[in-house]
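For reference, chains read A, B, C, D, E and F in written order, and residue numbers begin at 1 within each chain.
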Amino acid sequence: MGAVKPIEYADAPAAVRAVFDDIKATRKVDDVNNFWKHLANDPATLRRTWESIKEVMAPGALDPLTKEMIYLAVSVSNGCGYCIASHTAAARKAGMTDAMFGEVMAVTGMANETNRLANGYRVPVDPAFER
Amino acid sequence: MGAVKPIEYADAPAAVRAVFDDIKATRKVDDVNNFWKHLANDPATLRRTWESIKEVMAPGALDPLTKEMIYLAVSVSNGCGYCIASHTAAARKAGMTDAMFGEVMAVTGMANETNRLANGYRVPVDPAFER
Amino acid sequence: MGAVKPIEYADAPAAVRAVFDDIKATRKVDDVNNFWKHLANDPATLRRTWESIKEVMAPGALDPLTKEMIYLAVSVSNGCGYCIASHTAAARKAGMTDAMFGEVMAVTGMANETNRLANGYRVPVDPAFER
Amino acid sequence: MGAVKPIEYADAPAAVRAVFDDIKATRKVDDVNNFWKHLANDPATLRRTWESIKEVMAPGALDPLTKEMIYLAVSVSNGCGYCIASHTAAARKAGMTDAMFGEVMAVTGMANETNRLANGYRVPVDPAFER
Amino acid sequence: MGAVKPIEYADAPAAVRAVFDDIKATRKVDDVNNFWKHLANDPATLRRTWESIKEVMAPGALDPLTKEMIYLAVSVSNGCGYCIASHTAAARKAGMTDAMFGEVMAVTGMANETNRLANGYRVPVDPAFER
Amino acid sequence: MGAVKPIEYADAPAAVRAVFDDIKATRKVDDVNNFWKHLANDPATLRRTWESIKEVMAPGALDPLTKEMIYLAVSVSNGCGYCIASHTAAARKAGMTDAMFGEVMAVTGMANETNRLANGYRVPVDPAFER
């Protein structure tokens, strides 16, 4: 009861189709992935999220591969199953090798460990790190 | 009551001094930061954590700057105040510019947003992303 | 090995049946959902959790729909699959429309994004917000 | 080292001033709070975040008070100190009474408890809640 | 604006005093700690939370020290500063030694690391662990 | 696309087999569980993680059952499905009874609830708990 259904291009209103078209053109893919088909139930959120993602993930001071690996690390840390699957694929497409994947996981794991050690030992921030 | 006190080099047993010496030599710093001084209360955890960090953060398929930015992104996502401060400093030292910092934050923010949209809309993993 | 099995009404001891009866009467449902059948393995936790939920979710300064939407937002933020499914259904039953669902998701997503931006930029609390 | 400094209106470039002006006009406040002054270090993120917040928090199917209480509940659940302080103030301004605050906290607390009980008991989703 | 103020015994209504008296008698302390003084702003939540805590933390199949260490581990994992401080003190009072504290931290850290490795490698549950 | 495949003993390089052999000997099991077969894709992370786990989970100031219950509580709190399944089994093997399981869940649930109440009420640390 109440679960949201995906909206396919053929059934989508014009505002949704426009976003789908832009995703497909920007990413050079034939169809959008399930995330967008579900967000399409709320066209305003679909458009806002896509425009934000497009802006944030565009090449800038960081290259797309680095951005995708950061996205993956955060998704792994948060335990979002869908996001781990989709951003592993996206990072692979952007050039992440098996060795890089292993290192992203290793860093993400260590950060999660030492975050808790710092919490538990109640470590005060060193003056050198303060504002 | 019960809060752990930092252990300074002068007061540290030999096993702790050996780790402190290795941290200082590896990182080319005059003193270790508060995190290590607190972990020194448990020499086994101090040694194990340092050896793991040294191995994980060494240059490999990913360069040290990329690793530090991933570490920072995870720490920000987890809300660990000490870790955000120390890894912002570490990433800066490894070459993170103001523009890079801004992009790490932007990607981390977006990942946290879309992780929840994927959760809430209960998006099934696309067959293309499946194992 | 070790996974907990649900306990059905027919097999339940009197203490569990009493809670099941109260849930069914309070919610006007024919059977309790899986959450309660699993908690029934620990009758004290079953009773305590139900009594707390009944008290917390009763109409008060906030109406039941608002409470269910807050419950859903927290469950989405935490990524609890069962809870997202059950509280989406509960919120729908309490009157959540498609448009409301979309807005709950949008607010939950934005809060998760800006929570991390505030963490990462280490924003100090404005004096006006302090105690 | 490396902590971001807030940017005041007087020192801000035109693109930042334009956002600050819109925040002040929309919210009818004399100055923006620290969150925006810190984001101003990255004008693109400042603009994008403000435009998203403005769109998401505008009255719609849900009223501003309900949205602020959801924002607060998520921030409390995530443990973001700055966000808890700022969104408690925002919700108060939108009409949250002491009794409402107490109920938001009670629901947020219970949701966090039952989310973990559902995780730990590995409760399968009821067919009635499935898509 | 809006931050909750602690309520001292002398200023508390009878319903709050009754809970404070029970906490002091149960724990053999002269005064309740800040957590309870803040919850006192919502007497129903104060009472419900105390009764639940009293029931859950009483000796049972697990002794009080084990329960306090689990409470501490969860609080460290969640990064709740107040809870880390108060439950470190409570665990110390229940008999946690320095060596035990170190091991609680070590286990908590490792669990947080391997939780993310399991997420990131998308490890399927072994049939032997399935229900 | 991109999902990691498990590596079986028969197909594993010598460095991986050595770790698998040590896991099997230490735990007195015929085969390693899926977690290790997936980590085997990164032999350095496999070895480092196993050596850390072996050291951290060995009997010390805390017995193995207590450590497994803490591991389980953290995994439940984080919502790691694989880890909940595997550490429930491990704790059962170490002697966790049904009653103990129920109490671990109850404490984990309460800790998650009161962590958020402490966050939301912005409770300051009592001087008695300060360093």
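The working rule: a residue touches a chain if its C-beta (ideal position, glycine included) is under 8 Å from a C-beta of that chain, and two chains touch if they have at least 3 such contacts.
As the structure is a prediction and not an experimental result, all values here were calculated from the model.
Asks: Could you tell me which chains make contact with subunit B and subunit E both?
Replies: Chains in contact with subunit B as well as subunit E: A, C, D, F.
Asks: Which of these, B-F, C-D or B-E, gives back the D-E interface, meaning over half of its contact pairs coincide by residue number?
Replies: B-E
Asks: Going by the average position of its CA atoms, which chain sits the greatest distance from subunit A?
Replies: E
Asks: If we define chain centres by averaging CA atoms, which chain lands farthest from subunit D? Would you check?
Replies: Most distant chain from subunit D: F.
Asks: How many Å are there between the centre of subunit A and the centre of subunit F, using C-alpha atoms for each centre?
Replies: The answer is 27 Å.
Asks: Using mean CA coordinates as chain centres, what's the gap between subunit C and subunit E in Å?
Replies: Spacing between the chain centres: roughly 20 Å.
Asks: Could you check subunit B for residues that touch two or more other chains and list them?
Replies: Where subunit B meets two or more other chains at a single residue, that happens at 1-4, 41, 44-45, 48-49, 52, 56, 77-81, 85, 88-89, 99, 102, 104-106, 108-110, 112-117, 119, 121-122, 128-131.
Asks: Considering only the defined contacts, which subunit A positions touch subunit F in the complex?
Replies: Subunit A residues touching subunit F: 79, 85, 88-89, 91-93, 96, 98-99, 101-102, 105-106, 109, 122.
Asks: Can you check the complex and tell me which residues of subunit B touch subunit F?
Replies: Contacts found on subunit B: 1-5, 44, 48, 52, 55-56, 128-131.
Asks: Considering the complex alone, what residue numbers of subunit C touch subunit D?
Replies: Touch residues, subunit C against subunit D: 3-4, 33-35, 38-39, 41, 45, 49, 52-53, 56-57, 60-62, 66-67, 69-71, 73-75, 77-78, 80-83, 85-89, 97, 99-100, 102-104, 106-108, 110-119, 121-126, 128-130.
Asks: How about subunit F: which of its residues touch subunit D in the complex?
Replies: It comes out as residues 72, 76-77, 79, 81, 84-85, 88, 104-105, 108-110, 112-117, 119-122.
Asks: Taking the complex as given, what residues does subunit C use to touch subunit F?
Replies: Subunit C reaches subunit F through residues 1-4, 41-42, 44-45, 48-49, 78-80, 131.
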